[in-house]
Structures are given as structure tokens and as C-alpha cells.
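Input: structures, listed below.
Next, two complexes with subunit A in common: one pairs it with subunit B, the other with subunit C.
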Partner chain A sequence: MANTGVWDKLQTVDRRILYLLLIVFATVSLFFKVTVPTKPGEPVKDFYRSVMDIPEGKTVILQSDFTQSTRGESSGQMEALLRILMRKNVKFALLSVADPQAPLVALNVIRAINQERKAKGERTYVAWEDFVNLGYFPNAEGTANSMASNLTTAMAGRRENAPGKGPTDVFQSPVLQGIRAVQDVPAYINVTGSKTSNILIERLGKKVPFLAMVTGVMGPETLNYYASGQVKGVVIGLNGVAEIETLMDKGLKAENGHPAVAGFEGQINLGRGTGYYLALHACLTLMILAIVIGNVAMVVTRRKK
Partner chain B sequence: MIPFLAQVEAPEYNMWNAKPGTPQLWMAIAIAMVVGFAIMVAMLYAPTRMRKPIASAAIFLAGLFWVLVFLFPQPIDTQVKVEQRPPGFVQGISFWLADAIPVVGTFANILTAFILGLGVFSLVRIHLLRVTKKQRDWPFSVVLLVSIVAMAFFGYADWYSRLGPNAQKIEESWPLTAYGKDLLFDGMLQVMEAAMFSLIAFFILSAAYRAFRIRSVEATILLAAAMIAMLSLMGAVVVGWDGWIEQVTNKDPFLTNFTLSSVSGFIRDNLQTPGIRAIDFGIGLGALAMGLRLWLSLERAGAN
Partner chain C sequence: MDTTGSYPLIKLTVGALCTIGLYSVLYKETKLYRFFEHIFLGLASGWALYFLWGETLKPTWWDRLVGTVAEGTNPEVPGYWAWAFLLPIGIMAYFVFSKKHNWISRVPIGIILGLWSGQQVQVWFTRYGAQMENSMKPIVPNTWSSFIVPADPEPGALYPSQAIGNIVFLITLISAMSYFLFSFETKSKFFNKMTLWGRWLLMIGFGAIFGSTVMTRFTLMIDRMYYVFIEFMWQGLLRRP
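What follows is the complex of A and B.
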């Protein structure tokens, strides 16, 4: 029998060695501040075009359904989205249906972006004036149906702190002035780590332009709705964050009948997505190497036997 | 019933709503709790043979509402005032259904919130028992109970402190309750949750290394598709490969189909998406069949 010792071992590398390699690849790459190039795909380009098309001063509904379990992807998506909305002075009504923690997580991201703007001497977003927190709704299907039928009744009783007044009906806020139905908003944006986007699309997709920022796991399923035109644009996973940050930095050239869309020159555009992108490359490289080595070892061992 | 559910305008004073903080609201909450408790007790003491028909009737009525919402003609504009609505039986039912959706949606939210409460109650009961009986690993139960109480206390205290008119000042003064909530929620829970989820990466790497082997034609096709999908997630590879193809082929219309973004796009649009769509259709049909069985109380496992 031929000597297949090394190749046999390469077929059955101990999982602890793989774990150690992953830790090294992921952490070491985070220390390098390298801007890895990317080529934005059509779903992200359409998302960027749609968000940049929202008129200044208008209000969008922002449904944030992620918690820290998907922070690597969703936080970067939320940060990029908030940077665009705040730079365009677009107001937003925030709500969550997926997890009781989700509104607090979203408020933390808003606070972080506000601190970033404050450090640059820009206007910060103020609750009640620029955004309202509608809170958590435990039943996703019931809430989406209610919003599709009558937004004011669906959100009845929700209050936000008005300056000097205390908790006040959200419909009295500048954010929701003149908004009575979901059709009154120019876009409904969902940042999610689960299938809440599907629940919304099925119930609200015909009534309002819908945009989604989803995790890599939920991406393929959401692309069905993008292909059918029910979702106007999709940002998928960490790759999507890096892509939208690139678009924010460099803008979008005119193509396929779409006009050019400007970027935000001289501002902080490259954030979490670009920061983690090298780590994503390193981890995927490790995975591809591990698969290739395992297969080569298997083929060599078979031939020798 | 129709006027009660007709809430075209934002409701202020009616049977289903009241101004926050008013005695009317507290009275309504108290009455609702008493009535709910009475129904629960009545169900407990109802003869066993009566329970199933009662539950089946409630399930049927709840399901019937959504079936009617889906099948019945819908009003074009639900924002039209009550007095301006077109007369007629069909229109009347149609507007009644549209008006009732948010009310039913609120009921659904309340019921789901009760499920959350039920989960907390169950968790506390099980772990209290474990602590009092000193069962195996009871110190972990103590940690869990202390965590629940601490998180609830600081969470509610922080929330309550932000209710007043001076809520904006909390951002500047940052009192003890805010520190406590930050430490527990941002400093511990969120970080631990992120750490737990990131463990999946280790399992994925280990599983991919062991499972992706070219042992058959099907496995080889799967591996090739997975490799292309993984490479297409690496911007540097996509930019490099696509740039090289375009340079070498001088942007030949046919040969540019072999750029990584084109190949991965082809797989995504023509293989992956239709495949998932087919699976979703299957799941939808299964859910419809299961929904019908539950609605008509034909599902014996759930009924008994």
C-alpha cells in the first residue's frame, strides 16, 4: 500500500486547527486599514438610486429588525443608510417587529451616527423633530396588515417625547405631519436579520416603494422579490455594505437609461463595511483553501491507493 | 359592532381607546382584565366536551375574518370619511372589514405580547423551582434569575426616567439608571449575543472543509457553484478577474459573459432564485393546507 500519510492527514485536519486559523485570519486582517476594491451589483445600485431619489425633508418608514446577533452585517447597513438619510435631511419613523431588543439597538446606531456628525460640526438628528420611535410591535403579520389598511389606527397610542411636553402622540410630531396612510411615504425601508422583509413585502409591497437591507443568509430569498419588482433595491450582507459605501464615496455613473447619481464627496462614507471587508476576504480565502486542500488530498490519496 | 370598529380617524375616545394616563383608560384596562380572567376561569370549569367546540368556534371566526379580508372586494380608498362612503351591502362589508383590520392587528399584537410574558413566567417558574430544590446546576439558575431581575429593573427605570419633559437632558447628565442599562444591555447582553452568533463561522468552516468533497457529479456541480458564489463575494477578486477578462477580450460582447460577476449573476438569476422560488411555492402550498386544517379544526394533534 502506498504511503498516503500526509495526504490522509490533510483530509482530516483537526477542527481545532481550523478554528485557530479562522481566529488568526479574521482578527489579524482587522488590524490592516486597507480599502479593498469592490464592484457594486445591480440590486445595490438600485437601492442607492432609490434612497437618493427620496426628496429632502420627506419622511420614510424605517423598520429595524436586527439585533447584535447580525451586527457584522446589519449595523453597517443601518449606519450607511442613516448617513444617507441624515445628509439628505430625510425624516424617519422607526419601528421594529422582530425582536424586543431591536428598537434599542437601532437607537444606539442613531446615537453613534449623531456623535459622528457632532464631531464634524454637523446638525444632529433629534427625536420628535427628525425621527420618532414607534417602538416594538410583537406581531409582524398583524402589524403589517394594520399598516396596509390604516396607518393612523395601526400606530394609535404610540408616543414620543416632545421637547418640553413629554410623551405626545407621534402623529403630532413634525415627522408624521400629513402622513395618514402608508402610501404617503416615499419609501419603506427594512433593515433585517430575519424574514420580516418577506412578511412586509407580501402585505405592503403593492402600496409603497419597498427597499430592503438583509443579511447574507436572507439575501437569496429576498432576491426573488427584487426579480419580480416588488422590492426596488436590496443590500445583501457585508458585501452589500462595502458596495453601498463605495457608491456613497464615488457616486454612480449614468448607465442603462438611469441618470448619474452623485456621491458624498469629502464626507465619512467608508465605514464598517469597508473596515470588515478585508476580514471577509481573508475568511473566504481560508475557506476556499481548506476546501481545495481537502479535495486535492482526497484525489491524491485515491490515486495512490 | 360596525361603529365600534370604524376608526378611520385617529381614535381618541371610544370603546377601544382612551387618552393615555386617564382614569377611563385604567378603568378600561381593569374591566378588560376582569372579563379576560372570567373567560379563562369559565373555560377552565367548562365541561371537557364543550372546550373543543368553543376553541374550534373561536379559531374558525378568527380565520374567517382573514379569509374574508383576502377574498372580499376591498375599498379603493379607506381614508374616506364615514358619511361620504358609498351605500350598499357589499361596500358596507368591505369598509367594515378594512376598518377592523387595525383593531384585529392590535389584538394580535397584544396576544403575541402575552406569549412573551408567558415565556418569561415559564422561565422564572422552572428556574425558581430548580433553585429551591437545589437541583443540578442550580447556581446557573440563580445567575439567570438575577440577570432577569436586574435587566428588568434597570430597563424600566431608564425607560421611566426618559418619559418626562426633561428627557432630552438625560443624554447630557447620564444618571445611574442609564449607566446600569448601558452596562447590562450594551456592555453584556449585546456583546454576548454577537459572540454567540459569530461561533457559527467556526462550524461553517469546519463543515465546508469536510462536506465539500467531489465524490460524485452532483457534489462537483455543487462545489463549483459554491466556489463561484464565494469568489463573487470577494470584491478584489471580482474587480481583478472582470478587469482582466475585459482587457484580454477587448470587451468582446460574447467573452465578457465569462466575467465573474456575469457568471455569478447567471447562477443567481437562473438557478438560485428560481430554485428558491420553487421551494417557496411548495412551502406556501403546505402552509395553505396546514392553515385549512387548523382553521377547520381538522388537525387532531393541535385540538386534543
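What follows is the complex of A and C.
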């Protein structure tokens, strides 16, 4: 048998060495404050246009279905969305169906963005006045069906602490004033780490403009719904976060019959998406290198044998 | 993340230890990994139980059964005894653990299946109807004023570049669907080539989906590294901005 030493070894590298390399690549890249340029795609542009089109003072329903397990993607999406909603003074009703931990995780993100706003001397979002936490609903399909047919029945019994009143029916809050059906809100936004966006599309249909922020795993499937108009805009994974942060920073020029949309100049726009983007590219480069080297080694070994 | 004060640092330290403990499985499945795995399972289960009672069963079942007293601006709501019927139906599900009486658990499962099945016709059409409608695309351009879509397109115009995109879409759709015709033997060379082409296109699709999935997994790992090395070590321990 021919001696294929190095090439054989390259095909049998211990997986733990690859893990270590991956961790080193990712960690070292995080310390470099380099903004990798990105060109936003149509799904993210449509998402941005739709959110920026929501009139000031209106209420949207924000279904947050992620926990710490998808923090890398979903948290960045939620942060970008909250920054836009709060800057535009859009109220929101928060609910979760995917996991009992989801409402607390969403409230933590709201708290973090509020701290950011407070540090800049901006008005913070107050529970009851600016947003209400409708809580956790354990049956995604049943909840979506119920909301589609009657929002007040679906949310019956849900209470939130009103200033000076204690636990009060959420429909008495300024956030849900005049809202009795899903059709009454200008947008239904789902930030999800699971397939709850599909369930909402199936049950809510075209009753309300639906916007989704999904993980990379759910991305390709969700694009089908975007192409058919069932979803008005989609932000997919970390790439989507970097794209929407770019749009928030630079705005959107007039194109394809759509008017120009302004960005938020001089404000904190670049966050988790842009921060992790270099590390993602470093990891992907490592993976591509590993695949190329492994395949070259395989071909060389076969030829020598 | 706010990393000032001692309590946030304790929180960050516990989080970092748990992350490192769970990531130790990459080296080997050890007792350390098992320890942290069980902590997570216990916490998640405890939290879920608390939430299911506090956020769901109490407001949507118990309070409606026993009623609520007047409090602040909330009026008194009388209880309604019929809600009690849900309790035995729910308990029936637990008979799944009994070898002798597990047939009882089929009653609530049957109810759930019935409700589920009843929804499916509407759900299926709402999900796929719009996609079927969208798959019927025009393939002949109706304007030649520009090859690609200009910045300010004419309303209702189909530009040549769009028509080409639609043709590619239709070829992909038909060839990928033809791959799934398993019910009869195909002898036509054209049809066989089309199914082969469909298989290739499906593989390209699966490759794109796999790439997107890998990107997600990397991002989740990057975020954990950010938590351990930036939030915990750099900002928490070393107090750097």
C-alpha cells in the first residue's frame, strides 16, 4: 500500500480539535469590532418597510416564541424590532405560545432595550401604558384559532398590573383600547425559534398583515410563505439581523415602486447582528476549509492507493 | 447586558459555569455534563409547571370555575360549575400509565384528535391554497421597455427578467413534483430526464436548507462564546466596556 501519511491524517482529524478550532475562530473574531458589509435582501426590506409603515401610537400584537436556546438569532431580531417600535412609539401586546420560558426571556429583552434608552435620556416603555404582557398560552394551534375567531375570548381572564389598581383586565389598558379582533391591529409580528409562524399562517390566514422573524433553520420554509404573500416580510437568522440593522442605520432608497424609508441616523442601530457577523464568517470559512481539505485529502489518498 | 453590581456578576458566573458544563459534552460525556443537564431539565420542568398553573389553568379554568371577587376596577365574576367537567377528562389522560385501564386515556386523546382533524381541511387550504395560486405565474413578458425591472416599474408590467425567473420557477416546480410520481413505471425518456432533473434540483434545495441550518448552529455557538468570553469575562470579571 502506498504511503499516504499526511493526507490520511487530514481525513482522521479528531473532532475535538475541530471543535477547539471553531471555538477559537468564533471567540477571537468577537473581539474585533469590524463591520462586515451586507446587502439587505427583499424579504428583510419588506419587513422593514412594513414595520416603518405602522402609524405612531397604534398597537401591534407581538408573539415572542423564543428562549435562551436561540438567543444568538432571535434575541438580536427582538432587539432590532423593539428599537424600531419604541422609536416610532408603537404599542405592543406581548404573548408567547411556544415555551413557558418565552415570556420571561422577552421581558428581559424589553428591559435591556429600556436600559439602553434610559442611558441615552430617551423615554422608556412602561408596562400597561406602552405594552401589555398577555402571558403564556400552552396550545399554539388552539390559541391561534381562538384569536382568529374572537380575540377577547382568547385573552379572557388575562390581567396585568395597572398603576394604582393592581391586576386589571388587559382590555382596559391603553394598549388594547379599541382592539377586539386581530383585524384591528396593523400587524401581527412573530419572533420565533420554532415553527409557530407556520401555525399562525395556517390559522390567521390573511386576516392581518403577518410579519415573521425566524431562525435560519425555519428560513427556507418561511420564504415560501413570503413568496406567496402570506407573510409580508421575513427576517431570517443572524444574516437577517445584520441586514435589518443595516437598514436601520442607512435607511432604504426608493425602488421597485416603493418610496424611500428613512433610517435612524445617530442612534444605536448596529447590535447583535453586526457584532456576530464577523465571527459567523470566520466559522463558515473554517467549515469550508475543512470540507475542501477533507475532500482533497480523500481524492489524493484514493489516487495513491 | 448590565454587568454592574455583585448580583448580576453571580448570575453571569452561574450562567457561564452552566454553559461550560454543557459544552463539556463536546470533549466527552462526563458526570459534570450530566450534572448540568439535570439542573436544566429540573429548572425547565419546575418553571413549566408553575407557568401552566399560574398563566393558564388558574385564569382560564380555576377562576372561571370558582369565580373571582371584586378587586379594584375588576367586577365580581360568579363561578360556573360546568367547568368542573374538564377535570375528570384531563385526569383520564393520566390513565395512559396504567396497564389495566389505559383505554380510558383514549377518551381525551380522541377528543383532541377530533378537534385537530376538524381543523385540518381549513388549515391545509389556508396554508397551501395561496401557494398553489402563487405557483401559476405568467411566462410571457408584456413589456420590452427594459430587460430588468427598473427602479420605477410600470404597474402590471412583466419584464423579460421576471419572465425568465418565472420560467425557472415553473420548470423547478414541475420537475420536482414529477420526481414524486411513484405510482406507475415511466418509460418516456423525456419524463425520466425530467424526474432526474427534479432530483438534482431537490438536492440543491436541501443543500441550501442544510447551509442555513449550519449557519443557525454556528450562531448559537457564537452567542454562547459571546456570553462566556465577553459578557462574563470581559465585561463582568474584568469590568471592561
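Throughout what follows, the second predicted complex is superposed on the first by the 304 of 305 C-alpha atoms of A that agree within 3 Å, B and C clash if a C-alpha of one lies under 4 Å from a C-alpha of the other, contacts with A are read in each partner's own complex, and residues count from 1 in each chain.
The working rule: contacts are C-beta pairs under 8 Å (C-beta built on N, C-alpha and C of every residue); 3 or more make two chains touch, one makes a residue touch a chain.
A quick note: this is a predicted structure, and the numbers were derived from the prediction, not measured.
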Based on the shared subunit A superposition, would you classify subunit B and subunit C as clashing or fitting together? clash
Which partner chains sit in contact with A:G294 here, subunit B, subunit C, both or neither? Use first/second/both/neither. first
Regarding the shared-chain residue A:S149, is it in contact with subunit B (first), subunit C (second), both, or neither? first
Please indicate which partner A:Q77 is in contact with in the superposed arrangement: first for subunit B, second for subunit C, both, or neither. neither
Which of the two partners, first being subunit B and second being subunit C, lies in contact with A:A279: first, second, both, or neither? second
A:L22 in the overlay: touching subunit B, subunit C, both, or neither? Say first, second, both or neither. both
Just subunit B (first), just subunit C (second), both, or neither: which does A:L30 touch? second
Between subunit B and subunit C, whom does A:Q63 touch in the aligned arrangement: first, second, both, or neither? neither
With the two structures laid over each other on chain A, which partner does A:P163 touch: subunit B (first), subunit C (second), both, or neither? first
Is A:G41 touching anything from subunit B or subunit C once the two structures are fitted on A? First, second, both or neither. first
Common ground on subunit A, meaning residues reached by subunit C in one complex and by subunit B in the other: 19, 22, 26, 69-72, 100-101, 137-138, 141-142, 145, 156-157, 159, 165-167, 169, 216, 220, 224, 227, 237, 239, 280, 283-284, 287
Residue ranges of subunit C in contact with subunit A within the complex: 1-2, 26-27, 44, 47-48, 50-52, 55-56, 59-60, 63-64, 71-74, 115-116, 119, 123, 126-127, 130-131, 133-134, 149, 151-153, 155, 205, 208-209, 212-216, 218-226, 229-230
In the complex formed with subunit A, which residues of subunit B make contact? 7-11, 17, 20, 69, 78-79, 98-99, 101-109, 111-113, 115-116, 162-165, 167-168, 185-186, 189-191, 193-194, 196-198, 201-202, 204-206, 208-210, 212-215, 223, 227, 230-231, 233-239, 242, 261, 265, 268-269, 272-273, 276-277, 280
Residue numbers of subunit A touching subunit C in their complex, please. 16, 19, 22-23, 26-27, 30-31, 69-73, 75, 100-101, 103, 112, 115, 135-138, 141-142, 145, 156-159, 162, 165-169, 172, 198, 201-203, 205-206, 215-217, 219-220, 224-225, 227-230, 236-239, 254-257, 272, 275-276, 279-280, 283-284, 287
For a test of understanding, state which residues of subunit A touch subunit B in their complex under the given definition. 13, 15, 18-19, 22, 26, 36-39, 41-42, 67-72, 100-101, 104-105, 108, 126-127, 137-139, 141-143, 145-146, 148-150, 152-154, 156-157, 159, 161, 163-167, 169, 171, 180-181, 216, 220-221, 223-224, 227, 237, 239, 242-243, 277, 280-281, 283-288, 290-291, 294-295, 298-299
